[in-house]
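The letters A, B, C, D and E name the chains in turn, as written, and every chain counts its residues from 1.
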């Protein structure tokens, strides 16, 4: 291989041509696929029992209203079946040493109490499990068993026992004809040698209960956008029937509140979260689609419909779907204690009128934040984080997916909020930069 | 090609036009997909057949459909100049004029067939096209009355 | 809304920013959360804190200083608590009031009350009746309130014009 | 048919959660399908695409010895590859799979007509079953991929993609129509969010490009001919001044042709006064401390920006989109210039400083006393030019005041629009375009960098309005796609090409002239003479077959027989079985 | 613990019972309040709006007096505690302002150096005494009387300066209510202003704001309303009289008046009979001795 002067190599520096991808959301999956498609081995580490990330829980995607699970599922199976990808789900990176071209990684494989190679995903175990707990995947609106598959398309389709809630009745073990269940299973630590690392740890939704004025956590009919996604999802806890938590009634007048936990210097989230406007518009459109009679209003500061097809979608939401847009941030939400309706205060900036509006359901559209585990991973990998908690990148233009440590790349929301296409693109980009390093190992 | 129409003749009141719609894969079929994802509602009378390009559509396909009892035929493709295969739709357009004459000679009102251009992003145009043809055909009545 | 055509200028905003309390004026992004949090705005159609701030930002100095609007703020600071950009309309209106006061635009009620306070040293000297004295006595409270009225005279001398027509910031 | 066997068709109807089953009576569809010709098995399932659904198909193929599979679910544009793979895993040729679109074409567009929707669904299944019975297995063809990529355009996207591919060890040919490399970014002075000027960003890239042994730079030239198929493209590049042509073989292509700043003739006095410029023109003004008026060279003391010029205009084709970069770019330029001017104004509709570091730019501008004023979308600012002076009149929504301003320089944040020759580029590479005029990606969510033409990628502003940072990420991503194909060495291609039945050919040349790819010629050596298809050149459009008067051309997987079988199944099935009309 | 009681202008004249109840309750809980002589108005609102220096001087003198005594200040009025805290904040952080004020104070031999703390009654109850201690001191708990809490804007905002409770979701009053056997009632617009500061500019608006508050409290079916600010107490009482007032009045009671009886303090000492809307129903909910 011929290289320019910049690339004089120290012998033995580039030892491994395997890659590690941390995070099995859509960005991490894409990065893994694009590295694996070049013929390199990829370890894809995901801390939850299944890959798929946030996208798996979303109902529809903007701006085309494609059903999220439908477009994600092929990717899930592509990743799972790829000969060059080894899935390490329910696992976390514990230690990392080394440098670009030669990292040594220790990974804790948390005990699932179900042997991955024996479980066929038939689900008989969950049927007999007597324990029901609120399901994380359903935003705790729905329930799961103590032995569970997080969602129907979970990949790998392997059950996991949640030992915190398991009552050790052993019914599942008795039912499992394949003998896959093992209560004695212990965490395992595996060691890997990789040449490049891609961090794709995603995001967490801002906890909007820190805005008491908006009533989330206090009023039942104030829900967040992720809960809404599950409520309108056919595979969700209500089989896609949008209802009010307080009384199970179908809401007829829904308000969406934007810019909560985003663009707020007082709550440590000064940046714009990029996706909330559009997912808000999308959810509003879906509300009208679920019930064309329903009145739907979005309260916003600026509608940031900046991506491909976004402005057109925003326009369509106004004109064809009849979503009502009010420019103005909501000052206060108050519950009518009788009806459990919500009354909001907002100034319509376009008319300078202060309006008191009654809704029977309010959906708060929270901004994104770095996920809880990012700090740990940053520490393990010695990556720098910005004040806002996201990973720092080396250069905006020449190294937009490179972290401050050579050989470690970032994509998806690890270095800032992104929508799906931008996450996927960054995943491919991180893969590209990672494989440049991996290819040097081939040079020997 | 001209097989006898096997369709049962139905009474005036129940009658709903039956439309065969040939759509190219790259523009109009995608446009119809977008109409779906955008939840644009249009009459359910058309049955879409996917072909790679409108250039693939033989005049016989249209004649056969009418012959077998279709009340209308829609051909929908990429805008001229935008063909995924560069120029297939231009051939389709060139054949169209001739085709209309043939249909007329066979005693069928050429208003029963419609050629339209709808790109992958023009879901509304696609849906409007279906609606327009359905309404047109409803005015003309069932095809069995005119086919010679 | 006025039909007069105004030429926007940042001068007034800079002036407000130079007065203590007014520094954050430029942080306002006009989201309207202040108006939506304001009890006065709910009770009165004419009071829109967001709009006043925009008028400051585009430099409508005279209109703002001559109006009674900046004096409507109760300084309950609900807006300040809710503002996502770190703006305190209450503080800004104080800064505006200082400037207005300096130029003699002071609502009478403020001027009169100020006069009382700076004469008696406290607000309710005239209202302190024998009847209330008895009440206090019954409650075992000190009857002689012993407010100091000397200091306020020096305050008045130093910071206000003799006729209270204007205040020095 | 290559193999004569009785069709044994399995029909699988998908609920897609509530998406289909909420409107269409899937139970009934599956039940009716059971009685259709050659159907030996029919069922319905929550998610056919899920692992469990896929397993069901594989299992039933084995169990019922199925040799044709019909899945009635979503658009084949979405899941055809998935299900083709599934049937292949059960040892069934992928071309023996047929998909019915019950979601996009039925449940989602007839949501309030469940009865009619169910009837339509049944018809569509019947049609596909009829077609399935006539499907034939086709060979799976693999071709080598030439390990070289053509990069079209040398803006930040093109340069970045070229470097990545070359650094990875593959050859690149980069073609640029201009004399100089670097595109728009090279000329721009107010980049964001990092405080760099374009030159500083682009120069090091060009430097590396020029020294890279794997990269061949072809400047002042354009692609004049492009043919072939994934892995095996042949591209002819013509030098602009000399007209000399050269042909390259490449395996993959990255189209990074960028954008053009919209020249807003007729907007806000643009073209009437030299002191009305676009944001792009401002960006290209020499970077020096003082800014001078283009009209008389006097220092600029007052500037106004107007946002959304030629963007966000619903109903105006090609201008409906948001140009994405302008709000942040304006904030950056405004805050930079504020320090050199007395007054800077930004007139806007919405402020879309969406990215990390962008909102901060907006705050910085405001913090420097840039005045932001919102105008109503239906009442745009008025510009009058009198005696060379630019005067702006508008209504400020926020203060409800009528405002007037006489800027020394009026900057229009004009739209990012596709380059004027994009249609030519689209035709050359068989790319489709979306409503914004830019190229359409293969899938807007999950495949934003690939196109419907296998082997051709898009990056940067060729796909949609984007800023430099986003374009650079796109470029690396597109490079990964190209490298993925080249690293594998071989790729599968579609077998759906045209075939001539020589006995029926009358050598009328209709097909020869119809073929857009020159894939058909008359084989003069054959006896009798007959048309012949060069399969490698055939893209499978079927225009030849559509025109052949003798039905001598068979379009594989789209035969006359297969198509007419569908028509017949729809129209010639007795009504009582369909349960009514349409 | 000794503290100076800064009673302000309004409490001694308009709400002396609050003053008396505070002294009695705090005494019971181990805080000795000392008469604060020779003070002046803190300058709230009127001076505040007209001159920052004058405002700082007026509050600054009070702070300097306390510093001379070597004791912290207890303020029972929201406006006073707000003024004193805001000016303390400015004087502590702005040396120029401090020099300016001190130059004026020098005539009296006073000097403010930043050594004094200003405490609102709620802080003393919550931090210095502790809600647990209040609960332990209860001898006659209430039997689930439903009380709504009104905190007072200047008591809790701006948090960066006043440092009392969570301004968006304050709980101290509610916890105090619960500590003595009451039920804290949540109601719409809990953190909203009482409207009091508006009285000067526009009485109509002020009353509308206050009445809205009372209405919200009525809708939450509260038996009474506890306050921690002189102005709020007076305003929320006043709006229940006159035109436009609601039919059934809700007793308004200051927090020490509410705590007092439960701690075994005689009702006469707490001045309950002076309350304009009689809190007799509230008192009726008191249970017999606990032990």
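The rule we apply is simple: contacts are C-beta pairs under 8 Å (C-beta built on N, C-alpha and C of every residue); 3 or more make two chains touch, one makes a residue touch a chain.
In this text the structure is predicted, and so the values were computed from the model without any measurement.
Undergrad: Give the chains in contact with both chain D and chain E, ordered by label.
TA: Both chain D and chain E are touched by A, C, going by the contact rule given at the top.
Undergrad: Keeping to the contact definition above, tell me which chains border both chain A and chain B.
TA: Both chain A and chain B are touched by D, going by the contact rule given at the top.
Undergrad: Among all chains, which one's averaged Cα position is nearest the averaged Cα position of every protein chain shown?
TA: A
Undergrad: Tell me, please, which two chains come out on top when C-beta pairs in contact are counted per chain pair.
TA: Ranked by C-beta contact count, first place goes to A-D.
Undergrad: Taking each chain's centre as the mean of its CA atoms, which one is farthest from the centre of chain E?
TA: B
Undergrad: Just curious, how far off is chain C from chain B if you go by their C-alpha centres, in Å?
TA: Here chain B and chain C have centroids separated by 73 Å.
Undergrad: Between chain C and chain D, what's the gap in Å when you average each chain's C-alpha atoms?
TA: Inter-chain centre distance comes to 58 Å.
Undergrad: Mind checking the centre-to-centre distance between chain B and chain D? Centres are C-alpha means, answer in whole Å.
TA: Measuring from centre to centre gives 26 Å for this pair.
Undergrad: Whole-Å distance, chain B centre to chain E centre, using C-alpha means?
TA: Whole-Å distance between the two chain centres: 79.
Undergrad: Please output the residue numbers of chain B that touch at least 2 other chains, ranges allowed.
TA: 34, 37, 39-40
Undergrad: Mind pulling the residue numbers of chain D that touch at least two other chains?
TA: 111, 351, 363, 374, 398, 400, 434-435
Undergrad: Which residues does chain A have that touch at least 2 chains other than itself?
TA: Chain A, residues with two or more chain partners: 64, 66, 213, 263, 289, 332, 349, 352.
Undergrad: For this entry, which pairs of chains touch?
TA: A-B, A-C, A-D, A-E, B-D, C-D, C-E
Undergrad: For chain D, which residues are in contact with chain A within the complex?
TA: These residues of chain D touch chain A: 15-19, 21-22, 46-47, 49-52, 54, 74, 78-79, 81-82, 111, 156, 160, 164, 167-169, 185, 191, 193-194, 196, 201, 204-205, 208, 211-214, 311-312, 314, 320-322, 324, 350-360, 363, 374, 376, 397-398, 400, 434-436, 438, 441, 443-449, 463-465, 468-470, 472-481, 483-484, 487-488.
Undergrad: Spell out the residues on chain E that touch chain C in their complex, using ranges where they run on.
TA: Residue list for chain E touching chain C: 7, 9-10, 12-14, 16-17, 19-20, 23, 35, 37-41, 43, 45-54, 57-58, 61, 90, 94, 104, 107-108, 153-154, 157-159, 167-168, 191-193, 195-198, 200-202, 204-205, 208-209, 212, 269, 271, 274.
Undergrad: Which bits of chain B are touching chain D when the two form their complex?
TA: 3, 5-8, 10, 14-18, 20, 25-27, 29-30, 32-37, 39-42, 44-45, 47-53, 55-58, 60-61, 64-65, 68-70, 78, 81-88, 91-92, 95, 119-122, 127
Undergrad: For chain A, which residues count as touching chain D in their complex?
TA: Its residues touching chain D are 1-7, 26, 30, 34, 37-39, 61, 63-64, 66-67, 69-75, 77, 121, 152-153, 155, 157, 233-235, 239-240, 263, 270-272, 274, 289, 302-312, 315, 319, 349-350, 352, 388, 390, 395-398, 400-401, 415-417, 420-422, 424-433, 435-436, 439.
Undergrad: Touching residues of chain A toward chain B in the complex: what are they?
TA: 64-66, 289, 316, 320-321
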